[in-house]
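Consider the two complexes below, in which chain A is the common component and chain B and chain C are the respective partners.
Entry: the complex of A and B
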């Protein structure tokens, strides 16, 4: 036991003395919380649009003013000719052009109908769709204002409630995914590279002649990464709680337990890679392709799983991060209890056990 | 000059003899390009609707029918109990709850107005916002229909209607792959350039061969240039491979001239490789280099506007986005491939990337020490 502790201490020093990695180790969660919390969002905000107003009447003025007043759009350009639109899109100056026909107000009052064209740069299809939807909503409220002169009978009022995220912050979605990603980097990628490095440098032979059983040497290697991962999870949780006011609606203990299980799964995967990989580069490559990419792409944290083709949806079921993500999100944001989550919990536990058993059995006691 | 030739020869040979690198060069682009565009689909297709119907009237049935017929929603749960619907949201089975209170139809007709409630799952705030927007549109249309039933409008409607005509340029069929594939192409050569280049010099450090190089008469810039050129060639190869995959798998053909993409990539790769080399002068072992490049590449990619538009960022983040080479690469590749932008359209970007390239490479040469 004493030897084992000495080994763990050695591994800790290994990590702690590498200042640069350490800075990044703790800088990474901070940086990412800031980026995801404050910089990245899919929301439409101050999107640049251009106006082609061939009419210049009070109605178009009013619509233009309402477009500009909304948080969604900023009018940066005013053009006179439809031919200018393509150039604006090519140079990425604006993403949408609102075109009013000549005599807009006259058309409205005499023919009771006038058309507004919303020409969007659909290079980014989603942004284009969202822009058109929001601009339509603003035009709809103009329409309501037109109708307001007459009080309308038989009105349905729709009250809307935004569940779980009333302030509509995009960051909440990312926090559990971020944890999954950092755990993967530390527990799987770094651990596998660290073990393979010992083999590549020839240190493994030195370690194997020590009185400690080989399995314990590997466990000693994993312990510091296990603890660092857990500390990082706590940092992320604390930062999201203070900076992003992330709510913790469910049981914190259940959540931390899920984190531990997921860290264990990642360590087992890292160990598995280290038994297969011959060099650090191969280990890195395998964890990048085999673990990092599925974690980022298929866990549901970047991209919605329900939109994926069935092949990817099927693959996502064997990605541990997917289950962790669902569990974390449900506990933190929805306040769901174990009674709703037991299935996901069991799957994650099963994965941890499965990968641990496989990697231990694959671990060779002798150098070849 | 002849020293330089030997260095170059050594580097090319080293890469050729290292199957991992060659495999990485091939596998990373292919996997990314084939998996990512299918996975990265943000389009909100069908939202799951849970209905709490406490009215059970012909109007409530009519409204539910119109919601599901709209194509935006599919009925996932129908009950007269709010908790039941809430449970569906908790289990991720429903995205939106439409609550129709008792006496909805009676109130609407007799009291001249009635209230509905919409509860959207807003954890994904875009989805939440859109589901509410779509539902609002459908309810408004339904409302107008009811008015038309009860009110005798004059024959020619005095209501002034604003007609909205949306036009989606460059991508009228809303092909999401058209948007993602060129962006991923840009990310791809970024990753190939930075990861491999940063690991390369460190590998020599770890193996100890760097000392042998340090005692040769080779100049610092020659050594770094020798490291850079093979990766530059491989980066261009990855780009070509990516363009072929874009055509074969997705049928995407560049609207603008391909040489513009190549010309820009030539500058871009030089800048990215400079960053990779700079990282390698800081790192002592491969683990460290991997970690550092992973950190920076991740920030670069996230801040580039690949997934989330740069316009949505706050001002301080925009500064980072515009100080980020990947942002320009993505704009250029998308601009040329999708919109058909020409060389004159992207000329300012070439200047900016050129400046980046000179800056990072000069810094790498300056940082690299031949002394121990």
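Entry: the complex of A and C
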């Protein structure tokens, strides 16, 4: 046990000496969360819009007033001709133009329908989506008001919930994704590189001649990365909670347990890579291409899995991050309990055990 | 006569159809400097790896300190030291950290280590470098340091796998002085090398050719027997018979 602790202490010396990696590993999540928090507070506040009002009636006046009164929009320009729209977008003057057709109020009163055009600059897709949905919501509330005014025998009540908030949601989705990425870097990539480095420098032989058991060497190498990963997860969680006010609807303990299982899976994958890779560079590349890319692309946090062709969808099933991502999202955002998540949990647990057994086997094989 | 420190009997290692080490047998006695020579590919590293328990033999038996290396590995491991062909200290750690770590994995206590570090610093004249990273030291010093670290837990036998590769002649000389010092303390030294001048420093040498022992004796005896002036010529004549190419 004493020799084991001596080994772990040495591993920490190595890691702590490598200041640059450490700063990146702990700085990156902090930076990203702070950036996201900042981006959030700025999202759709006083976005510049232009109005083309060909009608100038009380109804359009009311809608324009409401648009302007909301925190989301500021009307900076008023135009008279549709031809001006393109120029406004080109010069980046506004992000959206609201067009009222001539005789808007008349159309509404007599034909009971009128069209408002919302023309958004979709070069920035997210912003465009958000603006259009906010504007639609304001139009919706105007419609409600209109219906209240008229004493018709029937009322059409259009209920608009502000469920749709892409910016906000992507920030929350981002948190489990960020965790998965950090865990992959620390537990898989850095662990595999650390073990391969030991072999490359000829230290492994010396260690194997020493009284240390081979299995303990590997465990000793994994322990520091395990701890660092977990600390990083806690930091990300704390920052997301305070800065992004990320909700934790479900059981925190269950979530941390899922993190531990995912860290274990990553460590096993790192160990597996270390038994295959001949050099540190190879280990790094294998981790990047074999683990990081699938984690980012196929876990569902960047691109929705449902929209992928079936080949990629099938592959995504063997990407541990996909399951971790589903679990994290369900627990944090939806407050789902273990009774609904047991299938995903079992898959992740199964993966951890599977990779652990294979990598330990391979490691033993490699020694001889 | 006392039991040999290392007893090798019919030791064989096959990799597929290739027999790297072919039924070799020899003894190494307490306190001697045993040179293990051979051209590249002669099987000396494979043999040595089997003797210190890094590799499982295909057949044959190795006893170290009267203990079977295959079945009593743990008991053996505590009493041997090893220095690998590649440089084996951690470049990124300081001298003190390296000594502490290697002492730690052999179960050395804090006080014992403090003494060792002081002793080592004095021996190498490294007092002011003790908290410097090993990467900042010249190669010669690193090599000597690695040797002292390999024997700091007072092993009964130390295995050195081409310890002086890439080192200048003066440092090699100094390195061998450290080896002599260790041998005088009663540590048995098992060293592989392909520098023939180093063979002269050994008490006995074993020359491997094509996986077998081609000669085993004191260097001066080998020279007389074969009527050669230097070990270099002895080695050259034996190695010329080799069938294997690298």
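Going forward, the second predicted complex is superposed on the first by the 232 of 368 C-alpha atoms of A that agree within 3 Å, B and C clash if a C-alpha of one lies under 4 Å from a C-alpha of the other, contacts with A are read in each partner's own complex, and residues count from 1 in each chain.
Operating definition for what follows: a contact is a pair of C-beta atoms (placed from the backbone, for glycine too) under 8 Å apart; a residue touches a chain by one contact, two chains touch by 3 or more.
All values reported here derive from a predicted model rather than from experimental measurement.
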Applying the touch criterion given at the start, work out whether A:18 contacts chain B, chain C, both or neither, answering first, second, both or neither. both
Thinking of the overlay built on chain A, is A:210 touched by chain B (first), by chain C (second), by both, or by neither? second
If you stack the two complexes on chain A, which partner ends up touching A:293: first (chain B), second (chain C), both, or neither? first
Is A:361 touching the first partner chain B, the second partner chain C, both, or neither of them? neither
Identify the partner contact of A:83: answer first if only chain B is touched, second if only chain C is, both if each is, neither if none is. neither
Who does A:7 touch here: chain B (first), chain C (second), both, or neither? second
Can you list the residues of chain A that touch chain B in one structure and chain C in the other? 18, 201
Enumerate the contact residues on chain A facing chain C in the complex. 2-3, 5-7, 9-10, 13-14, 17-18, 201-203, 205-212, 368
Touching residues of chain C toward chain A in the complex: what are they? 49, 52-56, 74, 77-78, 80-88, 90-93, 97, 100-107, 150, 159
Show which residues of chain B lie in contact with chain A when the two form their complex. 18, 20-21, 23-24, 27-28, 31-32, 35-36, 38-43, 45, 87, 89-92, 108-109, 112-130, 132-133, 135-136, 139-140, 142-143, 146-147, 150-151, 156-172, 174-176, 178-179, 199, 203, 206, 282-288, 290-292, 294-295, 298-299, 302-303, 307-309, 311-314, 316-317, 320, 331, 334-335, 338-342, 345
Residue set of chain A touching chain B in the complex reads 18, 20-21, 24-25, 27-28, 31-32, 35-36, 38-48, 85-86, 89-92, 95, 108-109, 112-130, 132-137, 139-140, 142-143, 146-147, 152-166, 168-170, 172-173, 185, 189-190, 193-194, 197, 201, 279-282, 284-285, 289, 293, 297-298, 302-304, 306-309, 312, 326, 329-330, 333-334, 336, 340
